[in-house]
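Okay, so subunit A shows up in both of these, paired with subunit B first and subunit C after.
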Partner chain A sequence: MRNIIENFPLFSIILCLLASSGSLLLKEKAAKIVNTALIILVGLMSAILMGYCYLNGSFVYVMGHVPAPWGNEVRGGVLEGGMALFFSIIMYLSMSGGRKKLLEEVEETKQNLYYILDNLLFCSLIALVYTNDLFTAYVFIEINTISACGLIMIRQNGRTIEAAVRYMIMSLLGSGLFLTGVIMLYDITGHLLMSNIKESVQTLISTGQYSEPLMVTVAFMIIGLSIKSALFPFHSWLPDAYGYSTISSAAILSSLVSKGYIFILIKIIYRVIGFEAVVQSKLLNVVFVFALCGIIFGSISAMRENDIRRMIAYSSVAQIGYIYLGISFGTKAGMIAAVFHILSHAATKSMLFISAIGLTDTSNTSRHFGDLTGSAYRNRIAGLGFATGSLSMVGIPLFSGFISKLLFMEASLQNQYKMLPALIVLGISTILNAIYFMKTVVRIYSPERDLYKGREGFHVIRFKEEKEYGITIILFIILNVVLGLCSGPILNMIQIGIESFS
Partner chain B sequence: MKNKLASLIKWIKETKEFYNSDIYMREIHENPASVTREEHLENVEKVRNIVYSDKNKQEKTMEAVYRVFAVLFMIFFSVILVLTVSNLPATGADNNPANNEVAERYIEKGLEETGATNVVAGMILDYRAFDTLGESHVLFVAAIAVTVLLRLDKKERDPKDTKIRETISEAEEADRIFNTRHDTILQKVALLLVPVILMFGIYVVLNGHLSPGGGFSGGAIIGSAFILYLNAYGFGKASNVFTEKIYKRASVAALMFYAIAKCYAFFCGANHLDSHIPKGIPGHILSAGLILPLDIAVGVVVAWTMYAFVAMFRKGGF
Partner chain C sequence: MGPNLFENYAEAVSMIIFAIGFTNLLLQKNLIKKIIGFNMMDTAMYLFLALKGYINNHVAPIVADGVEASTSTMVNPIPSGLVLTGIVVSVSVSALMLALTVRLYQRYHTLDLDEISKRLNKEGL
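Presenting the complex of A and B:
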């Protein structure tokens, strides 16, 4: 009999599936309670699992009665538990921050469907984190894609339908490439389980057999997953999907969905192909170029936007570029920086989306900068959240963004060829970030209170009126400061997790 | 008898319609929205002129560049794919990497370990059941996404709510075109075929562990029988049996049963506990442990989802 804690990955996934199918019979209120309880429960289980793995090391859990290469497996470790815990926290905050908007924007009869989709998305994220099998990863990527598409289009207007179609096309292209990669990898190794594939790949590399298909396979998987996580040239679906969907969806998509794909990519790099093999294949150099372009062009597109939510969305392109930059250094320090930035960006971006909606709500739901002048005075808590998020994005000490920028800089110093371009781009991007985020912060804090007095839709929202929203923003700020100030133990956890991967 | 013969002769001579009372001629409406080819081309040109006005001249050149690059990229991609495939192991060669201990055990020990004479069923519902559990939820999430997009919830128009695109009654009105009210031929054929198709579908589901078939394929066959019934008799009769309530309850029960049963099996397997699920005698209908009930659950979900898709697409609800 195993320790009961080792069963937690199985329980988390099954609970999510039960909650999602059960919610079909529930009304909106009950579905909401089930969803909240599920997220809290899974978060607790992940926290316990993380502590357990910190003390006892990682473990492999057989899904069924047949061991490794014949049956499915999941793997629990410090990084897996930590990621699942973090995903649960962000999921909880995104849902509670967007609750009021959800009630307004989604038809009443379809709100339980929203919770079903959310539960399934959460399930697929948890399964992607824990899985130790490539085909299982693909199955849950499918669930992830379809439910994300549903989350975009549940607020039905022309823009979201268009955004969902774009998302569907691009995302299916990514899934297709990933699936092709899995198939070819199976063809040349004969396995679907990560650890077995890695053994076969090592022997293939040492004997030099099937070197071209192996190279193409790795390339397909990297490209497929980078399309799905919106790396620079494949980001065209992103601004509409994040900009027009209901706010919880935007926060979840930007901070969780793309991060789940990046996490599975990191897992593939370490546990399927082998880190050295990927570095030697020089494919990471291509990723490096795309990441640099993404950082610059994402920021430039964000500067040119006149719509606050699309601006935040474009800033995601730049931030995803950072994460891929960390991966593409091909060093352990780079990977740790990338994983930390996954956390930092997820915490910050969802906070920015949630606070932006508070600002637009006080400004007659207009998202244009002209109308947002002084909105931080009309909704103080949202203004505070937005300012904190912007400071974190720019990389001011005390907030999480500073630590991740520092880690990227440090990591770039270890790589002699990539150091100079990376440092230059990081410098430029910090300035660009400062320009467009600080511009917005200055605008929302411009003291022009009288300008909008009496105009319809412009009104003051106090903390008392929207308690749940206010508390969410405060929790977001605390999370950000914790990531910024207590980065030591978190980085330690990430390091242990990554070391146990290889 | 004599009467019928007389009317048959009349019908052959085309003086009388044999099924006069039953035949229902549908009025053919000229679709007012239809445009001629010239008008269509004109409209396309108009749109192009607006999209690529002087202001957006850049876009026009960009479109040309995109097209050239698309073709180049396609050629490049095809060449890479062809080269890769030509370097992959030859199909069916006996020293392929895929012919390893994994496939060997599935074939040699599959019957003994799962109790299913159909090795494929043993593989997808026992050895790799976790993937299939995910796969059945893919179907569920697809059904939910279609429901989000197509289900109509408002009975009547509300002047205050401008967001309503279409109401249920309007959709029913539009659906009437597809309604075959007295199509005797279709109805009689459906009357004969639906039970046969249903029986065959149930057979495929129940024999999933014994012969080729299983929940997904059998469910699809049952679903097609439902759809044939709907097309022959219309929503009026079909809604006696197929209601949203039953659909929801059936699929939720099936999915929950699937998840709980598999959770129990995984838990027992991983913790080396005896699951007490009897494997039965191979070849018998009641054998192979959980595979048969899981096949039934999958079949229920698939059949209902197929019917729900058709209903959603036709009039946005049941």
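Presenting the complex of A and C:
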């Protein structure tokens, strides 16, 4: 008899699917309640699962009665449970922070559709975290793409539709490459389950057979997933998609969707190909170069922007570069840094997006820096959130960004060839981050010009008027500080999780 | 390489079709052509997958009543299942892309993505 907790991964996925199709029949309010309850329930189950795996180790759950080489499996472990818990927290905060804008920007008849798409997206994220089967991963990657596209275009204007089309095109290129990789791997090894593929791959490597096809396969999967997670130079779709969609979508896309793909990439590196084999293939060196370019170009593009949301979007390109930088070091320390930065960036970026909308709301919905002057005085809680997020992005101690920068620097020291370029780029990027984020913080905290007084749209929003929004920002700040101050136990969990992968 | 390539010519063809589809999806300006490229790309992959499951002179894995079935005379059924799943995915993605294209066409009366971007910049949205 299995422990009931081992069913939780499957329960989470099925619940999300049920909630998503069930919401079709519900009105907006009921769909909202279902969505919130679902996120909280999945979060609770993931937390229990994480504790269970911490005590008893990871497990593989066979679906149905078909055993290993043929059937489908999900895998639960500390890192999977922790990731699912974290995704639930960010999903909850992003939804509650953008609720008011959602009501304003999305037509009333379409609001329950938003919750359907959100449940579906959540389902695919959870499935990507837990799955142990490559083809299932492909299917959920596509579901993720479709629902993310829906989240972008639900706010109907020309920009969002164009952004959705661009997003779809790049995503389809990525998933096409990923599918090719999966099929070629199936062709070489004859398996689809991660653990079985790994056994075959190890035999192939030790006998020296099929070394070129294997290399091509790994390359296809890495390129495919990096296109989907917007690694430089595949980021062209990103600023529009994050910049013009409704704010909950932007927060979810930047902090969860791209992270889901990176997490499945980390799983593939460890559980399908084997970490040593990937390091030996030297493919990570290519990723290293792109990651460095991404960090610099992302920051420079962000500096040149005059639109606060596009600036935050471009900053995502740089941060995705950081995560790939950690992966490309080819050391365990680098991987731990990358996973921690997934958490740190997700917590910070969603907070920045949600705060930015509070600032633009008090500035006649203008997103240009000129109009944002002094907006932190008009909406104090949003200003506080934005300042905290900026400090975290720059890497000021006390906040989560500092810990991830520290981890990246430490990890870079272990790799003698990559140390110097990585340290230089990290240094430059910190300065660039400081320039464009502090520039914005200074602007929103500049004393209000008389120019705006009495002008339409430039009004003060108090905490009492938007309680849900204010509480969300406070929770975001707490989350960020917790990540920054209690990084020890979290890093310990990540380490245990990654060790159980290999 | 020569003899191998000749023996696996069907796989080589599917990879070439994949490359054609991929390039079309990436480089075409016309949205409909992009979607056609996407479909070619996915279909090429299904061809590849089906080829991998097929074994010469073996039959479909269907067990009829009263007939002794042996696994040694059947083709591998898993790739066929994967192809079906893949087709469902690509049909839904194509439908979504076509719907988006219709929306854009109704708004801007053109299928050229660059042209649409230019107009959006002019609109200043």
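Operating definition for what follows: the second predicted complex is superposed on the first by the 501 of 502 C-alpha atoms of A that agree within 3 Å, B and C clash if a C-alpha of one lies under 4 Å from a C-alpha of the other, contacts with A are read in each partner's own complex, and residues count from 1 in each chain.
The criterion applied here is as follows: a contact is a pair of C-beta atoms (placed from the backbone, for glycine too) under 8 Å apart; a residue touches a chain by one contact, two chains touch by 3 or more.
These numbers were taken from a predicted model, which means no experiment stands behind them.
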Exercise for the section: Of the two partners subunit B and subunit C, indicate the one touching more residues belonging to subunit A. Expected result: B
Exercise for the section: Considering only the touch criterion stated at the top, classify A:V216 as touching first (subunit B), second (subunit C), both, or neither. Expected result: first
Exercise for the section: Could you tell me if A:D187 is touching subunit B, subunit C, both of them or neither one (first, second, both, neither)? Expected result: both
Handout entry: First (subunit B), second (subunit C), both or neither touched by A:I169
Key = second
Practice task
Would you sort A:V139 into first (subunit B), second (subunit C), both or neither based on which partner it touches?
Solution key: both
Exercise for the section: Answer with first, second, both or neither: which of subunit B and subunit C does A:N492 touch in the superposed model? Expected result: neither
Exercise for the section: Using the superposition on chain A described above, determine whether A:C149 touches subunit B (first), subunit C (second), both, or neither. Expected result: both
Practice task
Look at A:S20 in the shared chain and tell me whether it touches subunit B only, subunit C only, both, or neither; answer first, second, both or neither.
Solution key: first
Problem - subunit B and subunit C contact sites that coincide on subunit A, given as residue numbers - result: 70, 135, 139, 142, 146, 149, 153, 157, 186-187
Completion exercise
So, in the complex, the side of subunit A touching subunit C is made of residues 70, 135, 138-139, 142, 145-146, 149, 153, 157-159, 161-162, 164-166, 168-169, 172-173, 176-177, 179-180, 183, 186-187, 192, 244
Completion exercise
Per the touch rule above, subunit C residues touching subunit A in the complex are 18, 21-22, 25-26, 31, 34, 38, 41-42, 45, 48-49, 52, 78-79, 82, 85-86, 89, 92-93, 96-97, 100-101, 103-104, 107-108, 113, 116-117, 119-120, 123, 125
Handout entry: Residue ranges of subunit A in contact with subunit B within the complex
Key = 1-2, 6-7, 10-11, 14, 17-18, 20-22, 24-25, 61-66, 69-72, 107, 109-110, 113, 116-117, 120, 123, 127, 133, 135-136, 139-140, 142-143, 146-147, 149-150, 153-154, 156-157, 184, 186-191, 200, 210, 212-213, 216
Fill in the blank from the handout: The residues of subunit B that touch subunit A in their complex are 80, 83-84, 87-89, 96-103, 105-106, 113, 126-131, 133-135, 137-138, 140-142, 144-145, 147-149, 151, 153, 163, 165, 248-249, 251-252, 255-256, 259-260, 262-263, 265-273, 275
